[in-house]
Structures are given as C-alpha cells and as structure tokens.
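I'd like to ask some things about the structure below.
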Amino acid sequence: MIALLLRDMRLAVRAGGGFGLGLAFFLLVAVLVPLGVGPESATLAKIAPGILWVGALLACLLSLDRIFALDFEDGSLDLLATAPIPLEGAVAVKALAHWAVTGLPLTLAAPVLGILLNLPQAGYGWLVISLALGTPALSVIGAFGAALTVGLKRGGLLLSLLVLPLYVPTLIFGAEVVKRGAEGMATATPLALLAGITAGAAAMLPFAAAAAIRINLR
Amino acid sequence: MSFWEYANPQKFMQLSRRVLPFVAVAAGLCLVIGLVWGFFFTPDDYKQGSTVKIFYLHVPAAMMAINAWVMMLVTSLVWLIRRHHVSALAAKAAAPVGLIFTVIALITGALWGQPMWGTWWEWDPRLTSFLILALFYLGYIALWQAIDDPDTAADLTSVLCIVGSVFALLSRYAVNFWNQGLHQGASLSLDKEENVADVFWYPALLCIAGFVLLFVTLVLLRTRTEIRARRLGALLARERRG
Amino acid sequence: MMPDLGKYAGAVLGSYAATIGLIVLLVAVSLWRSAKTKAALAEVEARQGKDNG
Amino acid sequence: MDLTVTDLAVARGGVTVLEGVHFTLSPGRALVLRGPNGIGKTTLLRTVAGLQPPVAGQISAGAEAIAYAAHADGLKATLTVRENLAFWAAVYGVQDVQAAIARMNLSDLADRQAANLSAGQKRRLGLARLLVTGRPVWVLDEPTVSLDIASVALFADVVRGHLAAGGAALIATHIDLGLAEADVLELGPFRARAKTEDPRGFDAAFGGDFA
Amino acid sequence: MIALLLRDMRLAVRAGGGFGLGLAFFLLVAVLVPLGVGPESATLAKIAPGILWVGALLACLLSLDRIFALDFEDGSLDLLATAPIPLEGAVAVKALAHWAVTGLPLTLAAPVLGILLNLPQAGYGWLVISLALGTPALSVIGAFGAALTVGLKRGGLLLSLLVLPLYVPTLIFGAEVVKRGAEGMATATPLALLAGITAGAAAMLPFAAAAAIRINLR
Amino acid sequence: MDLTVTDLAVARGGVTVLEGVHFTLSPGRALVLRGPNGIGKTTLLRTVAGLQPPVAGQISAGAEAIAYAAHADGLKATLTVRENLAFWAAVYGVQDVQAAIARMNLSDLADRQAANLSAGQKRRLGLARLLVTGRPVWVLDEPTVSLDIASVALFADVVRGHLAAGGAALIATHIDLGLAEADVLELGPFRARAKTEDPRGFDAAFGGDFA
C-alpha cells in the first residue's frame, strides 16, 4: 500500500508536475476572476472566500480523472485488482495520493492567493484550516466519481457532472467557515460539519468506489 | 405467489399490460378535472391574486420530483440486493420523468417568484436544493447513457443513486444552513394545511392524485419499453453470434 | 368562460403552458420510443422465429 | 494445488461466448488455449483470474493463487524499468527485482524510462512482472506478442522454469511455444442454448416468451 | 475534411455526450459560485458577467485535451499526419468541431444561467453576442495549447497552465462587453477587439499548432 | 514507382539507432524487415513514412505515396467498424468501404462498436484501413500481432493482392508471412561510428572529443 502511495505520488510529480499544476490552476482562477469581475477591492473582498473555495474545488476536479483512468487504460487497474492488496485499500491510498499532490499544496498556497483577492485579514487562518479539513473530502468523493466513470472513454466531463453535486455540502460549509471567520463570527458549527463530512466520506466512500471499479472491470 | 414474482420481466409485462390502461385513464381524468377545476372554477386568493392557480401545478410537481428520486432509491436497492432486472429498469425509466417534474417545479416556481418576490430566481434553500436535485437527475441519466453494458450501467447507477441520496440530504441541510430563505415564509397564506381553504384544497388534491397517477403510468410504460429494448439487444447480439 | 387573471396572466398562463408542454412532450417521447422498440422487437422475433423454427 | 475449471460459461457484453469449458491444470503443467480471434480466450482468462464473474460453473483456485498478464502490460511510461518492476514487487511483498530483470534480459535497460522502450522490450518488462508475483498459477493472454524469436525462446524457458518449480500456466496464444509440458485446449465456437436455470439469470428473465 | 469534422463531432456526442457535458460544467460553475459566494442578489448581479465568462472559459478548457490527446494515444494522429489532408486544415477543422460541441451550446445556454446569477436585464443580449464572438477564439487557442502538449502523458493541467494566459485578452474583452452592456454603456470598442482576437487567432494559430504537432510526433 | 532508401540513418530519443540502411523496393515486391526487439524497426518505418526526419540519407518516395500502419491501430472505440473505416475512406477520398470490410472478413462485425471487438478483430479492422487508402506503398509495423493463423493467411493474401496490383510493401515482422514476393532485410545491431559530417548533426556537435 505504501508502495502504491509512493508510486502514485511519483507519477503525479513526473507527469509534467502534478504538484505544481494543481496549484497553478488554482492561481489562475484567482487571477482570472478579478480580470473578469473587475478590480474593485470591496467586491473582491466579499467574494474572496467563495471564489477561493470554488477555485480549490475546480483545481481538484481537473485532476480527478488521473486517479484511475490512466491505470485503467494501460491495464494496471486489472493487475491491481488481482493483486494481494484489497481494492478498498488501494482506492483509499489513491485518494490519499491525490490529496497529497493537489489538496495539500492548495491548502499551503491559499493564503498567497487570498492576497490577490483582498481576503480580509481575519480570514487567512480560517481559510487554511477549512481547506485542510475539507480538501480530503474532495479527493475521496472525487475518487468515487472517478471509479464510476473509469470504464468510459475519457469520461472527464461526465465525471465533473457526477462529482460536482456531491461537492456541494463541502463547498458550502468550507466557504461558510471562511466567510464567518473573515467577519469575526463563530465558526464552530460549519467547521464541525465540514470535519464530519470528511470523516464520513473517508470512512464509507472507498467501499463504494471499490465496488464501482470491480463492476467496471468485469 | 410471492410479490417478487412480478420482478420477473415476463410476469411484469403481463401484469403491466393489464394495469396500464386503467392507470392511464385515471391519470388523465384526475389531471383534466383537477386542472380545469383549479384554473376555471376557483376564486383568486385575496393576497396572491390569480397566481394561486400556479399552486395546482407547482406543488404536485415538486412533491413528485422528490418522490421519484425516493422510488429510484428503493428500486436501486432492490436491484443491488436481489438483482431483479425489472427493478433496475424501472429506476432507469423513472429518472427522466423525475427530471421533467423537477424542471416543472423550477419553472413554475420561477414564474411564481416574479410576481411574489420580484425576481425569477432567488438563492432560497428550497429552490437551491431543487436545482441540485435536477443536477443529480442529470448526472444519473448521463451515467446510464454513457455505459453500454446494461447490467454494468444498472449497477453503477444504483451505487450513484445511493451515494447521491446521502449527499442530496446533506446538501439540503447545508443549503438551509447557508441561507434562511423566502420560500414557505409569511408571504404565503397557503403554507399551513389548516390555512388552506377547501376551495383551493379539493382541486389541489385531485391534481396531486393526477400527478401521482401520471408518474405511475409513465414509469410503467417506460419500463415496458426498457424491457423490450433489453430483450431486443439480447436477441440481436445472439443473432450476430449465429 | 376565461377567468380574469389580472396582472398575473403572464405568470399563470406561462406556468400552465410550460407544464402542459413539458408533460405532453414527455408522454409523446415515451409513446414514440415504446412504439419504436415494440416494432423493432416484433420484427426481430418474427425473423428469428423463422430461422430457428 | 490444482486449478480445476468445471462446466464454465463466460460472457462478454451480456452475451455468453463460451460454455461448458472443462479442464484441470496440475502443478508442473501448462495448458495452451487455442482458437480463432474472437472465440473468447480473453474473456475466459479474465474470468479465471477473477476479474469477472462466471455465468455458470466453478473455478477451483482462488484468485489469490493467480498471476494474470493481459493484452496490456500495465507499465507506467514515466517510470524506469526498475521502478516499474519494484512497484509490483512491493505490492506482492517481494524484495528482489534484480533477478527478474536479469532473467528477462533487461539489465541493460534497467534505468531506461518505459516510454523509451521498443514494443518488444515493453513486453519483456510486462512479463518480468510475473516473476515477482511469486504466485503459482500464471494466466497469460498472448504473452509473446511483439517478441522476436530469441525473446520467445527466452520466455518459453522462463515458463519452463516456473513449471519445473511446481507452478502451472494457462496460456492463450496463436503461436507454438515449444513447451513439452503443455496440453492444448482447442476452443470451438459456441452455439446459443438457453441452458441456465437461474430464475434471475438473464435468459430466464429476457429470453422467454413475451407478452 | 468534412469527414473529419463529422467524425469529431460524432465522437464528442457519443463519448458520454460531449455536447451536454460542456454545458453541464458551465451550469455547475454558475451554481457553485453563488453557493460559495453567498446568496445576496446585488453581489451576484455585480459579478455575473465576469463569472459567466470565466465559467465559459473553464468549460472550454476542460474539454481541450480531447482535441488531440485521444487521437495521439490510439495512433490516429500518426495516421492523420500521413493522410492526404494538410495538417493545418485538420487542426482548424478539429478546433471547429470543438467549438461546435462546446462554445456553441454554451452561447445558447448562457441566458438561462444569467438568470441564476441575477444578470441585469440589459446584459443578456450582449452576453450572447460576446460569447458567440469570443468562444471560437477559445477553441482555436486551446487547439494550439493542446498541440503543444500532445506528446505528454496526460498533460491536462500543463495544458491549462499554458492556455489560460493566452485566454486573458479574450476574457477581459468578453467580460467587458457584457459588463458595459449590462450597465447600458457603449460596447463597440471591446466588441471590435474581441472580434479581432478571434479573427487573428483563427487565421494564424492553426499553422503554429500543426507545426507543434509535427514536432511532437517525431 | 520505386521506393529507394540510400544510406539512411535514423534516431530515436536523440540516439542514432540504425545507420547505413540501403534498399530499393520496386512495384510488385515486398521487403520484410527482420531484427531483434529494439533494433530500430519502428524508428525506421516512421522515418520512411515521413513522421520523423532522417539523421542522414535519402528516401526517394514522397510521404504521399505511403500508407503507414503502426503498432497502434488508430481505432475509435465508440465508432462502429463501418464508421471507423468510412472515416479513413473519406480522408483518402475513397467511396467504397464495403469491399475492404468484406476482404478483411469483417462483414459480420460491420455494425459493432470497435470497443467490443477482440484483439484480433481490432487488428483486422486496423489493416482494412490500408485497403481504403489507395496508396501504392504499404509500410507496416508488425501487422500480424494478435492475429490467429487463419487471419495471418488472409492478411498475406491481401498483401499478395496488393503486390499483384502493382503495389509494394515494407513490413517489419517477427513471423514468417509466407510471401514468395518478399525479400528479407536483416537489421543488425549498429555500432556507433561518428560518420555524419554535418556540423549541425548531433554526433559532430556533441559526440566528438571534448576539450
């Protein structure tokens, strides 16, 4: 399992830089939105928490199809499914690897992008905390969506369609934490709910995803 | 004969062929009478004016939009646990019907919102969760369509339906948390059942019954089509093999 | 006969038109697909019945 | 441990392609599957490897005794030969990849990225994976595709070594591997008969008379 | 060439519905942003032009890697490069097919999403016009980016990174048209610039893209 | 029209893999390239097909005389057999795909999606594409991979027909096709000699003695 984790991370880093690129996309969203919306800092400050969370979510989404599709195409997934590690474990490890190369760097880089979007001072800490708590859920849910679409030729957009509604609660609670934090309000409730979603998703979805993969392979 | 016998396609075809005409006629009658009664023979509400007539479309459509998803959830579970083909195909048949009902609820709601709230769209929790429900329907239908092998498609969409249901509930809760909203607010005199005057209530009941029956009719008809399509595919494949 | 809908005529009539339109469309599509599949199945069954005896 | 397959029926795309497949594979023996393109060899091997459920019949060996090699090799283009193999070795709990690399004549290429291998070199690497699984029953789908004559001989030798060590192999192939230990199973075309009695089975469900 | 156009469109429609799915993503962005940003309609109205344009851009972006990568992976691109149609023409046709299955439906659907984001009444016409004029540029520029990254294993995110800066002018002028239109100001200048970008890109970039493909193939 | 290759050197990944390749292919003749895995057959064929520039030497025929078939078949999984072929036919300005389908024994599968073909069936479809190009020189990279014996014979027959009609074929393969019209070119391992004099060439620029 550790071998799988290392392999997936190594592949992500080698394949034109999984790391850098998730980040880069996040950065580009943070840059494009002010370009599209216009430069007034009051408006930007207001929408910053939401846009940052939406950006993180899209950055995650874009790399989801890597989780299984590459392994499916070159036949590794067949071989993994017949290997002596449980498929549920493999799914969980792959989601973890995905998080390590997208969610984690996004979380660390988010404060810098907060500056671009005029995020109020008080919001920075909450931004990092909410992303740290919420992005693992994005990876796990995404792995489930990727498992559903793995057999389909380049199901990239179908994957987005399936996964985005599933992301809604995470997004709402995550953005809410930052918004409340930025305005100095209490954040305990949305934070607890966010943690709950992450824990629940991590506990249950690998089983659903492994089932979906087995179905897709047969 | 156990109830599950009807999950056999042949039995289902026989039964549904007998039942379908009656349900269809009943659905038509309820809808026509309910809507004509509601549209032509009820007074305007003192507060909402003639827009109260939208009630007869909006509420039944909204109810059935949710109920259709619940029915899909149940049939998906039946398929996963007992592997009855009819169950999976019924879920497939119901999805577009549910989607259309959701869209009807959204459109009538939007048209109602313009006079009542002064805007087509408002990010009210109820409306928002309906929009999300529509997305779930879209994803579910798209997944059915994207997969060639019917059993694989049935399995995967069932898994999606179950996981999706959990997340749909979560979203509903999240959306409530996010915005308190206008819907159900004091602007509606019809909100509580005891406030609903009988003049409005009887045609509404008929319309609700009509929508339920229409749903049953369409699901039966479409399930029959799906079963035939499935058999057609199997026969053609067998023919190709010689 | 036609009730006076007042200033909300657009919203009310629009709702009825949209709803009835969508339902009719759904019913029509369902019936059309039903007829098409039925015919195709009948054709194949007849053909295979002939071949296989 | 024997691999016994009894009255197996396998399906692809919802259509049964082979039926009544019967064989026993004892340690030290190989079984070569032959048959024209599209007869269902791949489908049969995937079923035996546990990737898809049989329509009917039994397979005695558990999937955990089987090492499967498919049409595709499962190589990662951006990893080197050694890294590719080391990953599978770790998955199967084996330490040493050097022996497998040497055995498949890949020593010179060990630090080359898989993307830069020729078709036959890729295939050799794919086959080297078998040596690090440590599993007794090899299930191989056209293993010699793209291999030159010397490599085919090398591979036959590797299989011979595996059999001599008490392993077994089930091989679908169109060419002659020159294995003395091998029996041959010719797969013939299957004619559809609605034989399955399972009331929830597809034939009973959709194949009968319709209203 | 027409055969290629038809094939690409057919593939897009078959592969789990290229059409519907580009649209779906656009819709999802329009839904997610309010969920993240919050429900106040005044804020939403203000950011609507920018967000709609950013959404269209991302929807385009997500499907870019389909333009060449699939053909590269299954060997068709090698075969196309040796076929009797000029590679420049093939590139242009593929960009056109991409526009027909993403840009065009996006343009047609945009007004509906305008409702979700409380776009002011006056903006709808300009939204459609600006998207109709601007999305072809997105497809052509995207085809160029896709050609640059075609050899790379799943260069999806690298592609985004390369292409997004190239999208900036289109985005700025496009969003500006809608913003000015929504506020009742003159739109002629940004509209002319937008048209200029599209015309220039369509005239020049196919050559650059074809050259990039030739280099990537050898 | 003859295809003449003179003193050709080809490179992959910046490394020259073959040098001094020389041959002439006249209408009605086939040339079979043989050589162990990794010797550079694929690289040579890609160069001849015009997909990569030669390091040195000349190729007389223009790329527009050549129909190339690679390791990969270029099939679209979601299109049917007929649609796949019709596309290539339209690209090459040919109308009739029926003949090609029949010739490669694909008539029964004509309306099947390519995704649902077996490995050998896919390959047959890939080869059917050659018949709709109408081009005189076929350049084929291991065309018989995955084919069963009957299909190999069928394919050899198709090549024979092509040669009889005045075509030519350059075929890299590890098996014996049984073509009477074929000459064989054995590719031997290339020993690096800094022969190229082009100052912009790689060897001259970086391969010589360094200060």
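The chains carry the letters A, B, C, D, E and F, assigned in the order they are written, with residues numbered from 1 in each.
To be clear about the criterion, a contact is a pair of C-beta atoms (placed from the backbone, for glycine too) under 8 Å apart; a residue touches a chain by one contact, two chains touch by 3 or more.
Since the structure is predicted, the reported quantities are computational estimates derived from the model, not experimental observations.
Participant: Quick one: which chains contact chain B and chain C both?
Facilitator: Looking at chain C and chain B together, no chain touches each of them.
Participant: Return the chain whose centre of C-alpha atoms lies at maximal distance from the corresponding centre of chain B.
Facilitator: Max centre-to-centre separation from chain B belongs to F.
Participant: Approximately how many whole Å separate the CA-defined centres of chain B and chain E?
Facilitator: 35
Participant: With chain centres defined as C-alpha means, what is the inter-centre distance between chain A and chain B in Å?
Facilitator: 32
Participant: Which integer distance in Å separates the CA centroid of chain C from that of chain D?
Facilitator: Here chain C and chain D have centroids separated by 50 Å.
Participant: What are the residue numbers in chain E that touch two or more other chains?
Facilitator: 15-17, 21, 24, 28, 31, 35, 38, 73, 153
Participant: So which bits of chain F are touching at least two other chains?
Facilitator: Residues 71, 77-78, 115-116 of chain F each touch two or more of the other chains.
Participant: Enumerate the residues of chain B that touch no fewer than two other chains.
Facilitator: Residues 132, 135, 138, 142, 146, 148, 175, 178, 228, 231, 242 of chain B each touch two or more of the other chains.
Participant: Under the touch definition given earlier, write down the residues of chain D that touch chain F in their complex.
Facilitator: Residues 12-13, 35-38, 41-42, 71, 116-121, 123-124, 142, 145-152, 174-175 of chain D touch chain F in their complex.
Participant: So in the complex, which bits of chain A are touching chain E?
Facilitator: 15-18, 21-22, 24-25, 28-29, 32-33, 35-38, 43, 46-47, 49-51, 53-54, 57-58, 62-63, 65-66, 70, 73, 149, 152-158, 160-161, 164-165, 167-168, 171-172, 175, 179
Participant: Residue numbers of chain F touching chain E in their complex, please.
Facilitator: Going by the criterion above, the answer is residues 46, 49-53, 63-64, 66-79, 83, 86-88, 90-93, 129.
Participant: Inside the complex, what are the residues of chain B that reach chain C?
Facilitator: Residue positions touching the partner: 35, 39-40, 44, 49-51, 53-54, 57-58, 61, 96-97, 100, 103-104, 107-108, 111-112, 114-115, 214, 218, 221-222, 224-225, 228-229, 231-232, 235-236, 239.
Participant: Can you list the chain B residues touching chain A in their complex?
Facilitator: Those in contact with chain A are residues 132, 135-136, 138-139, 142-143, 146-147, 152, 155-156, 159-160, 162-164, 167-168, 170-171, 173-175, 177-178.
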